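Multiple structures are listed underneath, in structure tokens.
In the two assemblies presented below, subunit A is common to both, partnered first by subunit B and then by subunit C.
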Partner chain A sequence: MSFETEIKDEIAVLRVTASRLDASIAPELKKVVSTIINDGTSRILLDLQSVKFMDSSGLGAVISSFKLTGQKGDFVICNINETVHEIFSLTHMDRLFDIYPSVDEGFQKMCA
Partner chain B sequence: MESGKINLSIDSDLHQVQHVGEAVRVLCSSLDLADAKPSSVELAVVEAVNNSIEHAYQSQSGNSVDVAFEYDSDCLSITVSDYGAPMPNSIASQFSEDVSMPSGAVDIDELPVSGWGMQLLKSVCDEVSYQRQHSCNTLSLSFKLAAVSA
Partner chain C sequence: MSEDSSALVVGNNQESRAALLRLLEGAGYNTITADCGTQALDIVKRFGVTLVLCDWKVQDMSGADFCASVRNDLEELYVYFIFYDGNTEMNPVKAMDIGADDFVAMPLEQQVFDAKIKSAARIISLQKKLTDRNDFLEFAYANVTTDLKIAAKVQEDLLPTQFRLAGLDTNWMFKPASFVAGDMFDYFPVGNDHFVFYILDVEGHGIASALTSFAINNQLNPSSHGLCAKSINESSSTAEAVISTLDSLNRQFESNLNSSRYFTMIYGIIEIPTGEVTLCQAGHPSPVHLQRKAEKAVSLGDGGMPVGLIKEAEYSTVSCSMNVGDRLFIYSDGMLECENKSGEFYGTERLVNRIQEWHDLPIDELGDLFDGEITQWNGSSNFHDDVSMVILEYTGKR
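Moving on, here comes the complex of A and B:
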């Protein structure tokens, strides 16, 4: 499994356990997020701590996941390393996403 | 810096692409890149190989994608080749255009969920070009190496 989900206070903490969020697993991320939303949770905290490399397909899956949560949902990213941050920065997606250094900080912001 | 050549060939399976990425990292650790980081070179090569698998071979395994590295004192040149379908014009035309990333306020509803690969590739490479010849698609990437002081 490349993903683990834990529900805390109606927030789904979705942890990518794979070291690469790339074209080989990007479709799986979208399916996991769809399942979380269909199960009734539209607030998602995406934990990328284990991810050391992300390609454009991974980025597309993250954007798609954000879109799936919809206007009433919430989508926050945390724990990204320098390499992954560079992808967000190059594409200016760091302006779009709320990105926090840790799960705790992301969780606190979502609960505030 | 000595010159050198390395050739790799992988099956057109997205699960195999990470092996090329790992090889790029090892190679770049012994080269003195001028501007790009090793992770940027890895990203560019992965995007080029993904493009071959997804567009030239329609994500069907059982075909070959060839990656050739050649370096000298000035430059690391990488070619990614396949014998699949030609690159769609919508993608190939991007090589003659400036990099176009969203600017200003970003509207999530307007954002595409695909098509970022070639833009990223152009962003990190010093030069990119595409050529189709004798049924072979070749994407050429180059990265400058830092000048060695005398």
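Moving on, here comes the complex of A and C:
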């Protein structure tokens, strides 16, 4: 499994455990997010701490996941490294998402 | 002779042979006999017999050698090989070790023999199914490969073939990760004063991405009815023409939830009389402007939203002025993210340095040079992602 989910206070903390978020696991991310939403949790905190590299398919899957949750405050990203941040910044997707440096911080903002 | 229901008995002990033939024929097999290993091997090869019962000791070559020949010489055909022996000389472990599937001791016990033959029939039938399936897959694979090669040729034919155009000299490099690529690029003059160029990279690579890149390429065709000419003719400024093209593409390709395929691109227009460049960076890596006089290469822009990803995407333009001899490099992320054996990315810095270092070399040589450079970095010509690059040099010559 490339993903781990933990539900806390009606927020799903979805951790990508793979080091590459690329075409090989992008479809799985979309499925995992669909399952979380179908199971009744519509707020997701995506933890990318383990991800060292993300390609265009990975970014596509993150955006699709965001679209599934619907609202900006309901899909939050945390723990991104410099390489992954460059992709978000190059595509201006850092303007679309709330990105926080840690799970705790992301969690607090979502609960606030 | 049907290969499925034929059995070959090898050996010259008449009594054993007769007993085996009687039981095999009773079980519905057509039987054939051979006295020696050489003759037997010839029969197996010629008729494709898949069930062989061989005396532990045959006349010319030992049973063991015959079995080894069957295994080594007949890779395509699986022969179910049973040793029989009436003198208790046979070592069953050795028999299995050299490639036999089973063994029977003489005199035969009918019940045991029938069970062994049934087991053999099951294995032979499974083997046959496997072979048929493999043949089918090989055939299908050959068909798909042929189709892909044709598709690759179609894509190659869509790439620009002219290298000296009004006001600009050009060159490019194109390395698809599989037969066809999600990367595409083109450039062409529109009217007398404008030169359009673009490079795009559809998310992912391979067939699905290539189909999308074909569709986009079709929208951006050089004809006067194409999106590029229309946007130039209907806009009051070059920047407006660039943005209206991006807006139009985004509207058409904006993904829905089921299809999240999007693309990044650089789309730009050069005003031929002045060398003014106006481009939009839609999530694509930054173009590099080589300023010939200053011998300096500069990355342009700070990103932008990809196309077909977000409905509300807003696009902006970046501009620069090209003097005669200046070059503009646009390339796909496959170039920057190409990893060497130690997992190190090729990266922007290396690229910019190389562009600067090669500033005095003729543009005609740069396509091949970058091809060699990135192939060497990659360590082979099998790339993980499509790699492409377009180089434009402003000549100002009309």
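As a convention for this text, the second predicted complex is superposed on the first by the 109 of 112 C-alpha atoms of A that agree within 3 Å, B and C clash if a C-alpha of one lies under 4 Å from a C-alpha of the other, contacts with A are read in each partner's own complex, and residues count from 1 in each chain.
FYI, a contact is a pair of C-beta atoms (placed from the backbone, for glycine too) under 8 Å apart; a residue touches a chain by one contact, two chains touch by 3 or more.
The structure presented is a predicted model; accordingly, all values stated were derived computationally and were not measured.
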item	value
Combined model on subunit A: subunit C and subunit B, fit or clash	clash
Touch count on subunit A, higher of subunit B and subunit C	B
First (subunit B), second (subunit C), both or neither touched by A:S2	neither
Subunit B versus subunit C as contact partner of A:S50, first or second or both or neither	neither
Which of subunit B and subunit C A:H92 touches, first, second, both or neither	both
Touching partner for A:L68 - first (subunit B), second (subunit C), both, neither	second
Touched partner set for A:G60, first subunit B, second subunit C, both or neither	both
Contacts of A:A23 with subunit B and subunit C, given as first, second, both or neither	both
Steric overlap of subunit C with subunit B in the superposed model, located at which of 150-158, 222-230, 240-248 or 294-302	150-158
Footprint overlap on subunit A, comparing subunit B with subunit C	23, 53, 55-57, 59-61, 63-64, 67, 90-93, 96
Residues of subunit B defined as touching subunit A within the complex	14-15, 17-18, 21, 37, 39-40, 42-43, 46-47, 50, 53-54, 101-103, 105-106, 108-109, 111-114, 116-117, 119-120, 123-124
In the complex, subunit C residues that touch subunit A	201, 203-205, 255, 257, 260-262, 264, 283-285, 302-306, 309-310, 333, 337, 385
Interfacial residue positions of subunit A with respect to subunit C in the complex	23, 30, 53, 55-57, 59-61, 63-64, 67-68, 89-93, 96
Residues of subunit A defined as touching subunit B within the complex	20, 22-24, 53, 55-57, 59-61, 63-64, 66-67, 83, 86-87, 90-93, 95-96
